[in-house]
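What follows is chain A paired twice: with chain B in the first complex and chain C in the second.
What follows is the complex of A and B.
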């Protein structure tokens, strides 16, 4: 164990902060879907995986990165709508366990399909952004860009939910589903728009992740549990709670990983999560926002 | 304006309305009175499409209501202020009003109508940025009525506006209803508070276990022995 309040500790703290941006973005999409539609997309991280492959192949096929990234966002936004229409809508009124199982089924289908289509080898998009060095600390530009874009996207979504008619309807529907028709709001349309936004956020996360991580069919398993833990810690459906929880968990991972070993970072984060959930089963910021 | 003819409705195997026929003419205030469980709330829910009718016809200015989707009913000019107000508690007063103006035809007139309802209910303007859940009961009823006005309706359905309010606030709420009537809106109101509602209505119907038992001018019903005994405790 090597944990002193030195420059490397500070570096770990700052890297945790940068990681938090990405995790907060991932958690936001899941929380939005749950808060509005009351369904958990267990396969959320697998949508990100599909997006990463989409961006990888678009880029490999000659598209400049930004175009490939845009393709990824649109592709997964559409995937979100397809998922909602064909998988979620038929089970909207079913027991929660049925909803979990069907989206869980999609998780395995996507993983298996990706393995068949793309093989099990790790792929890398091959874009190196270098890193920013200050004092004795080093921060990769990929992480810095990821953080900035994630925060920017969250601010944009927040403004959308505050100011536009459909955005306010999305927040309203999470508070009182039954009376929405009295406002002239077509619930099915709001659900579809929400699914597209949730998917689009997964696509954006995929575009940021290909800059930092190798792509392989099981990458969803690395991030999925982490995203769910963050959402539950922040209070499932509570977007602001999820945002704060992403920063807490990221610091546990980054600082814990730096003090002990990288593998321990995740374990420590989960231990902390378990302790919180024993004491506050509804999460730190319980209830929906 | 609104015509119902032989309307049946229910919840699963339980039938709540039996052959209800009624008319609301433009400019009128019509009350539906009756005991708890008589089907008053069901009647309004059927008109606004929240609960599908199982038989009969309903038209709003000639538009057949049973043939359009529930979220389209508001575009025919019907705004429903539901039982228990049902504001969005974690949205600001102003965002509640904005949801009231969700339909495309209402969006263009949002600023104009917002000024109108703030003028009608200055208290709401003072609280425009407060969360609706933090308003008092009377203010919430005010906000719920204002939200309905934002869609630019011709007919307003009011479901038990006095429910759960203190007596002094109830008087204020009936005063609100008088004020929106004075603005030229047609009103269909259901109430258990028979004595008060017959004072502001032009005509009234008595609903008993899902059937309309009596109809007439508000004075006629207020003078009826049966109603005075059963509903006004005289």
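What follows is the complex of A and C.
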């Protein structure tokens, strides 16, 4: 254990910040869906995994990376709509826990399908962006790009929700589910659009993650629990809360991981999460519960 | 007490099952016994989970309790030479303490539904990460084995794995204890209190139910059962790994099996265990026997059972939330009601 306030500590802190961008993006999609449809997609990280495979094979098939990434975003947006139409809609009126478990079934299906279709090997897209070195610290460009794109996507989503008709309808539905259909808003369409946006955000996250991580069918289990934790910590459905929570959690992981071992970084983050929930069950910034 | 007809037929069959297996499948006796033992041990764990699940306390954290049960016992045995006869009670205590530490704030602050599920999910992950992190003792993600004592069969070390028939009876006894606990809970006042609380907590506490205490009681029982189940499973498998006995995968499997079998009936979790084990074993045998399937899916063929699990889980929740046994029993009840109504109508004097 070497936990001194030296340059490596600063490097860990800054890398934590860069990781936070990605986690915030992942949490954003889940929070949007929860806030509007009141459903937790337990399989969210698995959608990201499918997107990563889609981008990997599109790139392998000769598409330039940006095109492959666009294909991934569209693919997962469609997947989100399919998921909503065939799985979520039939259980919209049953107990909340059933909605959560039904997407647990989707998690199994996606993971198994990926294992069967792509095998259990780790795959890497093989794009190296190099790294930016300053003083004794090194930051990979992949992480910096990820951070920038994630922040950009969040700003765009915010503008969309503020400025467009459908964006305003989405926010309105999130505030009052009963009254909006009476105001002439087609609830089913809003749900479908929300699912598509949530899926699209997962696809975007996938495009950023293929630059940093190896792809394998179980990668969702590595990120899934983290994303849920961030969403709950920020208050489920609270997008700004999720954003801040992503930074807190990723600092725990990055600093804890550099001081001890990687698992301990995660373990400390989970412990911190449970403590916070016991003090503030509605999350750090949650108003609505 | 009136003994139901199913028990009169079922108990002798279960007791004689090893003989039956020896007679019917002399070549594959060990394999079929192995299947039965797996079903019984998991049934016990599933029954433990269903005690909470039936009252709306959907925990995704029971992988933590099976993991604690298995690891505490094995580590005590491997590093301190403590016999499992002491190790299992210690593991149960640890697991109950963890359950209460997490449960008390949850129930006190009324964390329910999504939040409860996600919080318990964090608990599972935390325990799994701790197991991996303590790799100097636990063997990390590769897992570890309980140290073999003598020839592997010992009362002192509670090891019985080489003798499948003995293992079967131990598993059977464990399973019976599980059903007894379920029955006691079902008949107790606590059940009505918890049923009321799961419907409306305010109303329940207004009639004098201490909701937090009742929930804590059931959580402690449930966690203790899972810890014992995990420990016995470790002794039978003679191997434990963070993914096989702890972690999110185990938690989700528990939830799925119970939902498939039926959460609200006594033998529901058992039916769930039979269903999942037979399904995955059947698929495994089919795939291994068929070169076409193997060549189509390659290494991934073994994921086919997970795929079918997932699809079934979705279908069960949408179309059959009461599970296999629950739906069957409900259907029988309805039929009986109809028959009774017809009889009443016939018995009534015609005008």
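As a working rule, the second predicted complex is superposed on the first by the 287 of 289 C-alpha atoms of A that agree within 3 Å, B and C clash if a C-alpha of one lies under 4 Å from a C-alpha of the other, contacts with A are read in each partner's own complex, and residues count from 1 in each chain.
Basically, a residue touches a chain if its C-beta (ideal position, glycine included) is under 8 Å from a C-beta of that chain, and two chains touch if they have at least 3 such contacts.
In this text the structure is predicted, and so the values were computed from the model without any measurement.
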Touched partner set for A:92, first chain B, second chain C, both or neither: neither
Contacts of A:161 with chain B and chain C, given as first, second, both or neither: neither
First, second, both or neither for A:182, with chain B first and chain C second: first
First (chain B), second (chain C), both or neither touched by A:169: first
First (chain B), second (chain C), both or neither touched by A:78: neither
Chain B versus chain C as contact partner of A:151, first or second or both or neither: neither
First (chain B), second (chain C), both or neither touched by A:14: neither
Partner touching more residues of chain A, whether chain B or chain C: C
Chain B/chain C common contact set on chain A: 289
Chain C residues within the chain A interface of the complex: 56, 58, 102, 105-106, 109-111, 113-115, 117-119, 121-123, 125-126, 129-130, 132-133, 248-249, 252, 255-256, 259, 297-301, 303-307, 309-314, 317-318, 321
Complex contact set, residues of chain B against chain A: 48-50, 69-75, 79-80, 82, 86, 88-91, 95, 98-103, 106-107, 147, 151
Parts of chain A lying in touch with chain C, wherever the complex brings them together: 34, 40, 87, 90-91, 94-98, 100-102, 104-113, 115-120, 217, 221, 224-225, 228-229, 231-232, 236, 260-261, 263-264, 266-267, 270-271, 273-274, 277-278, 281, 289
Complex contact set, residues of chain A against chain B: 165, 168-169, 171-172, 175-176, 178-187, 289
